[in-house]
Amino acid sequence: MHFGYDDRTEELRGQLNAFMDEFVYPAEPVFEQQLAEGDPWSPPPVVAELKAEARKRGLWNFFLPGEHGAGLTNLQYAPLAEITGRSPHLAPTAINCAAPDTGNMEVLSMFGSEQQRKQWLTPLLEGEIRSAFAMTEPDVASSDARNIATRIERDGGDYVINGKKWFISGAMNPHCRIFIVMGKTDPDGEPHRQQSMILVPRDTPGMTIKRGMHVFGYTDGDHGGHAEIEFDDVRVPAENLIGEEGGGFAVAQARLGPGRIHHCMRLIGMAERAIELMCKRAVSRTAFGKPIAQQGVVQDWIAESRVRVEQLRLLVLKTAWLMDTVGNQGAHTEIQSIKIATPIQVEWILDKAIQAHGAGGVSQDTPLAGLWAHARTLRLADGPDEVHKRSLARRELAKYPR
Amino acid sequence: MHFGYDDRTEELRGQLNAFMDEFVYPAEPVFEQQLAEGDPWSPPPVVAELKAEARKRGLWNFFLPGEHGAGLTNLQYAPLAEITGRSPHLAPTAINCAAPDTGNMEVLSMFGSEQQRKQWLTPLLEGEIRSAFAMTEPDVASSDARNIATRIERDGGDYVINGKKWFISGAMNPHCRIFIVMGKTDPDGEPHRQQSMILVPRDTPGMTIKRGMHVFGYTDGDHGGHAEIEFDDVRVPAENLIGEEGGGFAVAQARLGPGRIHHCMRLIGMAERAIELMCKRAVSRTAFGKPIAQQGVVQDWIAESRVRVEQLRLLVLKTAWLMDTVGNQGAHTEIQSIKIATPIQVEWILDKAIQAHGAGGVSQDTPLAGLWAHARTLRLADGPDEVHKRSLARRELAKYPR
Amino acid sequence: MHFGYDDRTEELRGQLNAFMDEFVYPAEPVFEQQLAEGDPWSPPPVVAELKAEARKRGLWNFFLPGEHGAGLTNLQYAPLAEITGRSPHLAPTAINCAAPDTGNMEVLSMFGSEQQRKQWLTPLLEGEIRSAFAMTEPDVASSDARNIATRIERDGGDYVINGKKWFISGAMNPHCRIFIVMGKTDPDGEPHRQQSMILVPRDTPGMTIKRGMHVFGYTDGDHGGHAEIEFDDVRVPAENLIGEEGGGFAVAQARLGPGRIHHCMRLIGMAERAIELMCKRAVSRTAFGKPIAQQGVVQDWIAESRVRVEQLRLLVLKTAWLMDTVGNQGAHTEIQSIKIATPIQVEWILDKAIQAHGAGGVSQDTPLAGLWAHARTLRLADGPDEVHKRSLARRELAKYPR
Amino acid sequence: MHFGYDDRTEELRGQLNAFMDEFVYPAEPVFEQQLAEGDPWSPPPVVAELKAEARKRGLWNFFLPGEHGAGLTNLQYAPLAEITGRSPHLAPTAINCAAPDTGNMEVLSMFGSEQQRKQWLTPLLEGEIRSAFAMTEPDVASSDARNIATRIERDGGDYVINGKKWFISGAMNPHCRIFIVMGKTDPDGEPHRQQSMILVPRDTPGMTIKRGMHVFGYTDGDHGGHAEIEFDDVRVPAENLIGEEGGGFAVAQARLGPGRIHHCMRLIGMAERAIELMCKRAVSRTAFGKPIAQQGVVQDWIAESRVRVEQLRLLVLKTAWLMDTVGNQGAHTEIQSIKIATPIQVEWILDKAIQAHGAGGVSQDTPLAGLWAHARTLRLADGPDEVHKRSLARRELAKYPR
């Protein structure tokens, strides 16, 4: 267990923090204003400016190990992702490390054919296009991929897709050009070999974006929203299949580990932002004749928040270190642990920061309410907490055979 | 402690439930659709239809005791308000029992001059206009009325108002014709005699509605939103003052008790709706080969929810009975108790109902996320929980003099 | 729902409170001292003195409705039981309302033969002897009576008992003269008709009291402890059977309802005692230059405690009223609800009162730690909370058939 | 942040685990039996046997860095202390790493004169005698050393001690030969220079052990209990002073850091023991026709426990690493954090393990109830959680000057 920040990490942290201070935080009010006035489903123009600046500075594709990306380990990326979590609407996109593109690039990088990589991975890595990942379905408990109902059927040189997806993040962004769709090619096969993933370009006939799903009152339009999509005899060439038929479950598993840890890293940053805002509010707001920083209950919130976030960060770092050293499979329990612990604890911290802000805390005047909605949703995304706890408990119990 | 439902209450409950079943619940999807398409700051047309139907049926002004209203006691009104809480965007407005009109009508009924009652109370009781209550301020802890910074200064036959308010619910609804504004007429007077309330008609020069405050992404546009308002030399005739100069604090106190219990009554109804939705989801959704109703964790949520809501209802009913028998002052501790207990417990129940729904739970496809945001906000409205706990504890401690 | 305190109740409350003030509270330190010095498994002598005084004053057998007892309703008894909960080692025994005698007297009163009532009920009602109820078994989940493993077999004019019981409260008190033992007379019968109850006098050959079970270090010796008992061919005459063969399950059900509500009533009193002690400590203990009563966190505990106990009391009173008006069966959900809610909430209140007392709070210098251990144990006694929640949830879910 | 286990640590872990398996766990039932039969204030004979065996194996004085002890770093000791926490009545004493001796040896090692070290440190290091640390007082909030009321007055060549202490662990063990007493030599001096520490041998005239304080129902007699002690003109030679006059506060601070982390390390081990027992119970106990390991609620407890204990361990390891690398002062926030987080979380885990065991969980048949009482008490020992949270919050807030 060696998970300090090495020199490379410290250097990048310095550069990233400088970028945050000089460009990202000042862009936040601009972003809010442009958002209120512009296209409801696209990132406001300031985001493109931030991307250009970040790229110029070499702050780019940190998430991707190996030759296609920045070549960082998970442990090196973790503290950088944390920093971007402090401004989650701007910073991850600015440095081309935003979900779901990150996971999609990983998939293409690991499993894509040369042609697929050239056509889709390259422009994604360049930040020229965006992408979506269509797995979740409204009618089944699709956190278990075996329940997927969407069909992908071979028909001559094509595959034909039929089914219904929802909460497909980013799909309504016109820059989102490519969809990775999960479906069943062999519904009667062995449970973990029934699924395949396939590439569906935007505007393919038969694919209808029906509406944007809300998250509490937010549309998340700047991220392209969360779409409900119908696939009605959508036909794509057979070479759009990613990897081999029946490989979808394995690809999904490979994709989820990094996705989960990235979310948790950023949540740590959100928590730090919340603590900072809570403290600033506490020292500046007066009630009953003294700053609320002197109220015992507020102090209790701050201390608890600090103690909780320290524990979460260590667990996330250990998980990153394990993924680097023994692989995602070996870090399975830890990945599940951070997925269970982080969203709900950060939600708690955000709740307290909101409460310290009074009515302003639930409004658009601080980022807190929006961050809260995001943290809350992560208790459900990629499978509800309860599913992960059940699975983790069963592994713990398996140590004690009757 | 006798707080069963008497015959009159049971009769009205029957009538109100019939109205809910026949008209309100079926109107919910219509409301959502009209909302998405229409004026962002007005109730959709279906609300006016519901009002007409409710009025025709005599389901009207239940909240107001005495001759001006339906003449019900708090104890009689409580179970009716609970029922309306099951569809809080539609039902309270439909029967003309929606905040902040209810509190404003109470104020006018108790403290308004004959002229004020004629001009504003009558059309409010008829449901012809809406109103707002401008007390909360962005820059001070205005849950303590002594902190109010807005100035109301006498100038000849007029009063001139300067200050800033926010979270003024309903203000952006064009039907909102009258504002009750709280400010200081005598900033150097005795702390509880510095404040006055005054009537400011919509479109009075100098009053600028700057923007709508959001609540977890929601604008609550159908209720006229929550406005930030600037008062810049707003001039109204002296007879617009409600009651006497320096009486504002007392009026605010008189207004808050019923306001708080109404909120809590409706929260009980929201909790019941949440339990109903959670159960329906649990019996119909399958995961791991069986309905999630058979999952122990889901059963735990349902049992806890039922046990908590039963306790809350009894405390609310006791409070209503006390207000009826010993007056709002005598029910002070209980009013504070329900304000402390109800929003946070109902928030918990809503959270579990959301979790049981998976991703759909945070979306617009169930009322749960919106109800959650409302319950969460009530932990801050009318003073954060912490202020009420502090006050209640001090009274408890005062029983034990050193 | 009418559950105020009627005149009879108020009169008895006055008398009981006077008895508490004059005799019970002053006896507490005497009790502690005698306990440290005397027989480890008997109530100290001061208890007998209190019993004599209580009886003289007519404060006796309040728990028992009907002609054999004081003839109070559950609703009348509830506030009296609450008062006794304030000094639970002394007061319930003093007025002959202590478990498990109460339940045993109910059983004998309802189901006992004339002979059984004469021999055992009469001296119990007189407070001359004590009794035990042997149901719980170490090796099975005996909160479900269908799991009972103890055998009761007919052999000529006798029954022969074999099995193992534990946590049999009061058994080691030499005044405990009679045991009601639950076992199976017909293990192959219909699940709810397999069990019978039978009377076993102390010192019947074959019954061995093996040891006293501890509860968080406490032996509860003043109550006769909690025994582990072996029954090895214990032979009693056939007329010792209570009611009919196969009636044991029904008798157990009849016994549990009142038992649970009595526990909850007393828990309310314990919570009130805890709040009182917490407040007294808070106003008298200084830290950081001021009484800890001025610490926001301590105020938060006090307010939460008050708000929670008010809700619990109302739910308990409603349950009592329901039992009086629609019977124990009709109050099933409410009895389960108070069993779920009361111990865990009172445990929370006691924990906070302990914390406010510092190290002294965990010691013998306040009653708090002992009360805590009792409340904690009630989350397990008569079936763990989880079993009751599961059952309650299933009834709630049954309202929504697929 | 490098806190893996190095080779030396792994080697010692192997040896210590072997010792636990071969000697300690098998000794637990022996210990319980000897305890029930022997001297109520001494460790049962089996403890001395374990000590002899441990010493023979070189498993000894791990806690003490530097030449006097085993020379381990905090980071090396942490995982060993964790292992001893699995059997906290036996293992820490067996390897001569039990509080309060550990802290006392540290004090003597760092601040003792040559004579003091020879007379007291040597036999303590040899495990020949035990010791006590007399700081806590009943009448003041003595977690703040500035409140200490005990007086230490110079009188010629002696010091004379007057005052009252309580919860002095180990004091009633006849093997406890030496007391380190904290008191004020200069009550009018600078607040942090008023206190001194002084050595008081057992049986010094004027020192009266009045009684043993209980912890819930436990006397902790095997550890020598927790004494209330009166010092009435207790006279010791001036050379018994530890360090210099006025140095008591600094010595106390130096002592507390390691003491706190040792407690937390052992708590981690207790949590692991609890999880193990909970799992074993879950797979072996049947209710409703299946092992309770299949109950969702039980799985939830197990998963939560695992996730929490992983976070706690990492925070404790980081703290140990910091103490080793930047010193106790530099690890101040982390020491406070583990003190805040560990006892309450481990208490939660123990509570769930108890609940999974049913009635047996609160009894002497598992170590769980005793461990619970210990964890609960650590929320108060060395200052209640609230004091530490307040202090930590103030440092966090100090980052944001107005």
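So that you can tell them apart, the chains are marked A, B, C and D in the order they are listed, and the count of residues begins at 1 in each.
In this text, a contact is a pair of C-beta atoms (placed from the backbone, for glycine too) under 8 Å apart; a residue touches a chain by one contact, two chains touch by 3 or more.
Values in this document were obtained by computation on a predicted structure and should not be read as measured data.
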Farthest chain relative to chain A (centres taken as mean CA coordinates): C
Gap in Å, rounded to a whole number, between the CA centres of chain B and chain A: 37
Cα-centroid distance, chain A relative to chain C, in whole angstrom: 53
Distance from the mean Cα position of chain D to that of chain A, given in whole angstrom: 43
Residue numbers of chain A (touch at least two other chains): 295-300, 386
Touch-based graph of the chains, sorted into line, ring, star, complete or other: complete
Contacting residues of chain D [partner chain C, same complex]: 136, 138, 141, 144, 166-167, 213-219, 285-288, 295, 297-298, 354-355, 358-365, 369-370, 372-373, 376-377, 379-381, 384-387
Touching residues on chain C, where the partner in the complex is chain A: 295-300
Touching residues (chain side chain C, partner chain B) in the complex: 1-5, 275-276, 279-280, 282-284, 291, 293, 296, 298-300, 302-304, 306-308, 310-312, 314-315, 317-318, 333-334, 337, 340-341, 386, 388-390, 392-394, 396-397, 399-402
